[in-house]
Amino acid sequence: MKPFKMAARDAGGQDTLVEIPGRERTVFIGEGYCTIIAGPCAVESREDYLEIALKLKAMGAHILRGGLFKPRTSPYSFKGLGRDGLAIMVEARDITGLPLISEVMDVRDLDYMCEEVDIIQIGSRSMQNFALLEEVGRLDKPILLKRGLAATIEEWLLAAEYILNSGNPNVILCERGIRTFETYTRNTVDIGAVALIKLLSHLPIIVDPSHATGDWKIVAPVAKAAIAAGADGVMVEVHSEPDRALSDGKQSLTPDNFRKLHEQIVKLALLDDKIVL
Amino acid sequence: MKPFKMAARDAGGQDTLVEIPGRERTVFIGEGYCTIIAGPCAVESREDYLEIALKLKAMGAHILRGGLFKPRTSPYSFKGLGRDGLAIMVEARDITGLPLISEVMDVRDLDYMCEEVDIIQIGSRSMQNFALLEEVGRLDKPILLKRGLAATIEEWLLAAEYILNSGNPNVILCERGIRTFETYTRNTVDIGAVALIKLLSHLPIIVDPSHATGDWKIVAPVAKAAIAAGADGVMVEVHSEPDRALSDGKQSLTPDNFRKLHEQIVKLALLDDKIVL
Amino acid sequence: MKPFKMAARDAGGQDTLVEIPGRERTVFIGEGYCTIIAGPCAVESREDYLEIALKLKAMGAHILRGGLFKPRTSPYSFKGLGRDGLAIMVEARDITGLPLISEVMDVRDLDYMCEEVDIIQIGSRSMQNFALLEEVGRLDKPILLKRGLAATIEEWLLAAEYILNSGNPNVILCERGIRTFETYTRNTVDIGAVALIKLLSHLPIIVDPSHATGDWKIVAPVAKAAIAAGADGVMVEVHSEPDRALSDGKQSLTPDNFRKLHEQIVKLALLDDKIVL
Amino acid sequence: MKPFKMAARDAGGQDTLVEIPGRERTVFIGEGYCTIIAGPCAVESREDYLEIALKLKAMGAHILRGGLFKPRTSPYSFKGLGRDGLAIMVEARDITGLPLISEVMDVRDLDYMCEEVDIIQIGSRSMQNFALLEEVGRLDKPILLKRGLAATIEEWLLAAEYILNSGNPNVILCERGIRTFETYTRNTVDIGAVALIKLLSHLPIIVDPSHATGDWKIVAPVAKAAIAAGADGVMVEVHSEPDRALSDGKQSLTPDNFRKLHEQIVKLALLDDKIVL
């Protein structure tokens, strides 16, 4: 018997389709849709963020990402603009009409983040921060739950179960690579997990090839693989000038490379009759 | 500086295109082609093997696989028909015209295997059997080199280097999953490695989703992901009656499921303008 | 150059010796001492906890452990008595005079936990809960920082750096096994890490063989190995009746087995001229 | 039910005690003994090998190690003196009276190696070279079977089973570190596996801290941990001038450091009433 219950696919059950209300139209993540989340790793300045947001909108991205609180391994690294950056993201939404996703690491930030952000992201380091899971389980907001760096598929679904069990049915899973012995790529995308989640659970699943690989040169092939394996979308990092990025520039696509990837994803999605609005 | 030399992609160099002479026509593995290898895990009986071989030919497989010497973790498991099975494979080739691939584990089996088999497979457990690598490096036969269960990409390319350096340029790499902490699938397909190999090396690379996942239910999505990520083909296990298989039935597709997968692979290959003869 | 600074051993520097004020006497963790922390996984009832606490005191344990908030993979598992259990632990300290250690997972629990608990434990799932690290960095309390399940030695020392950099110099590291492909034991104790930490850092390090192995039958040999490798102590789970434990009974020693282990640890510590009060 | 049979400890059964006939006296590996194997990674020159052999004999080593065929990841690395080096090892045995251990990777080398070497070592890369296992299973020689880099404990015991089942009862297991995500040390010594093997099997087990850690600075603490955890001995690399070694100098002890380690191992062995001749 599976230890997860509410997250489990059951015989006659339907797939969860998460609705994200947008300014112009509702964005969907789940069966039948192919959804593309894009943006820079961190919000770094107003000018840069608004510029990239407009470009991404023009190129077909559905949701804007942006890090405000960056979980950094070292206390001496750039940690994000925090609350100050939130206003920039909100402005970008006002201009583009695209919904926003951003990570929350601290339960004490939930209240005000919730007022503005359209999807709350739980990062891989917080996947088993059970207090945080229970709190976001009480929200009326979609939650994107990244897989922990060394979390089994079962532990991941049980983390989702915490949220579901606290009352929030709108959980989106995000595979972002697991830690293995291989060091040529930052992490190893578990492409089989994408297929397996579709068998085990009714929850939507997307893939983040940027954090998973840590290398922009293989982001596009891995993103395409994700869609071919059945993922409901991807989340990719795009930066106007990756070499200037304060964090994770090495893994960011240029707008031009994003455009090419977007075209390829659309073709793949259409093969499977998915809607890529 | 990369420690591999002959396996490394260099500036103006061309991709290796491996030619496998067949009875009816030449089969290619490498850039521009999408090649499908199929067959049961082990050759078990003449009737079964000829039956599945004919079906696979009819459904579009390019190369027939079949295990004669199965590397089994336990000394008490079925180890294959050995030399006796070879005649069955040869008969299947005579009937179908498809070239044959089979694994060799012992240098002492190379001589007679070489006379009949069209591609010599080096299994994951033998990836660092350096004596074997040097011997197959002296052959005039294509070699399919599976990645070791815990081999880094660099170690894998250096194993290829052993073969190339011994004089045999016709090496095909095969990603077959790496060992990680995740136990829901047997191994974890390193889809990023497929993309990375394309950047680092001129050698063709295919993926074996059957051994990698150990679960037929996710073989098709992982095979599709492999093609989308840029692999030059796949090697899948197909058994007329998986439940009756003496080894690895759990991971074998039925002929009907293979047919469906084949159709989807053809569509994916055509998106990238690849030839799927 | 090492990315950690305050955690790094420097040429002429001294080892950190953490002092834990007790009711009867001060307990030390660090160079020259061998310190034994013991107790049940979770505080389950007043009677049981006081009983085992008295036994452990009599057998030579230096510090009492007890879980109040258990980080459980499933939302349906026993999660500990929470704040109610704290009174029980305090009563045990009053009776035995031994200092207390307990885990805090939620920043909102720090205030009242701090008033009573003598060492705050940061569990492996919280090792990169940076908000929590910064908060405990502002406390005037020793912090025991467990290594994350998939944390590298560098990431672990950088997590310690967060605490040190926030102003709290009293950090004790605790190796508790890492996640590997091996499933016979729950995790794999990284015994080399114990030796390496002694080279890289001035911070004390202990080992938790109970969580690391998940199997009481190998707790004693692993605990002995830890001391022989240079660890400054061990933290072991002991339960009066392991079969009745609500969590982790399988890995708990009986009081009798703890007594035997304690004798062996004393002998090993004396070989290295360490004080085992 | 355990899949291994002949390797399994059974209720009333006795531990295997391997006898290695020496020129001066018989050396034992197994319960009740603590046996120390030492020597350079590779035999490099007659002068160096005889010099270190004499030193090791004087300092209490029981068995001499020396690599003749080095399994090297790159085809361009020094691969050992091969058959030429065997005469040097034999001369060292004539002078010191110590038995010899050396690795065989190729079934075609077994015949002449067997005539001279006292223990045949199967390296980690060959742990599942089943043809080789079956051949050494037919020998009348002790076999030291190293654990594969990513082999589970069960796979390792099944590899031993291949040898036992082929007729050779004299198998010594050797833990040499497993591959994990941690890269600070070359591999991660699975100290729990040492304790577990003692529960699961009657076969002796030793630890190779040199290859496991790849860093001489932590060889001694890990070797001590191995003995404390119940290992029947250790195999350590010692080189007169590690900086000059053609392979693995970084992990080799100087003779002086070996002397210190030997003294500490003797003390630990005596604590457990083991014979360190």
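We just call them A, B, C and D in the order they show up, numbering each chain from 1.
Keep this in mind: a residue touches a chain if its C-beta (ideal position, glycine included) is under 8 Å from a C-beta of that chain, and two chains touch if they have at least 3 such contacts.
The structure presented is a predicted model; accordingly, all values stated were derived computationally and were not measured.
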| item | value |
| --- | --- |
| Minimum number of chain-to-chain touching steps separating chain A from chain C | 1 |
| Selected pair, greater C-beta contact count between C-D and B-C | C-D |
| Euclidean distance of C-alpha centroids - chain B vs chain C, Å | 49 |
| Chain C-chain D separation of Cα centroids, rounded to whole Å | 34 |
| Overlap residues in chain B, where contacts from two or more other chains coincide | 150, 154, 179-181, 183 |
| Residues of chain B touching chain A in the complex | 150, 152-154, 178, 180-185, 188-196, 198-199, 212-213, 215, 217-218, 221-222, 224-230, 264, 267-268, 271 |
| Contacting residues of chain A [partner chain D, same complex] | 150, 179-181, 183 |
| Contact footprint of chain C on chain A as seen in their complex | 3-4, 71-76, 105-108, 125-126, 128-131, 148-150, 154-155, 158, 161-162, 165-166, 179 |
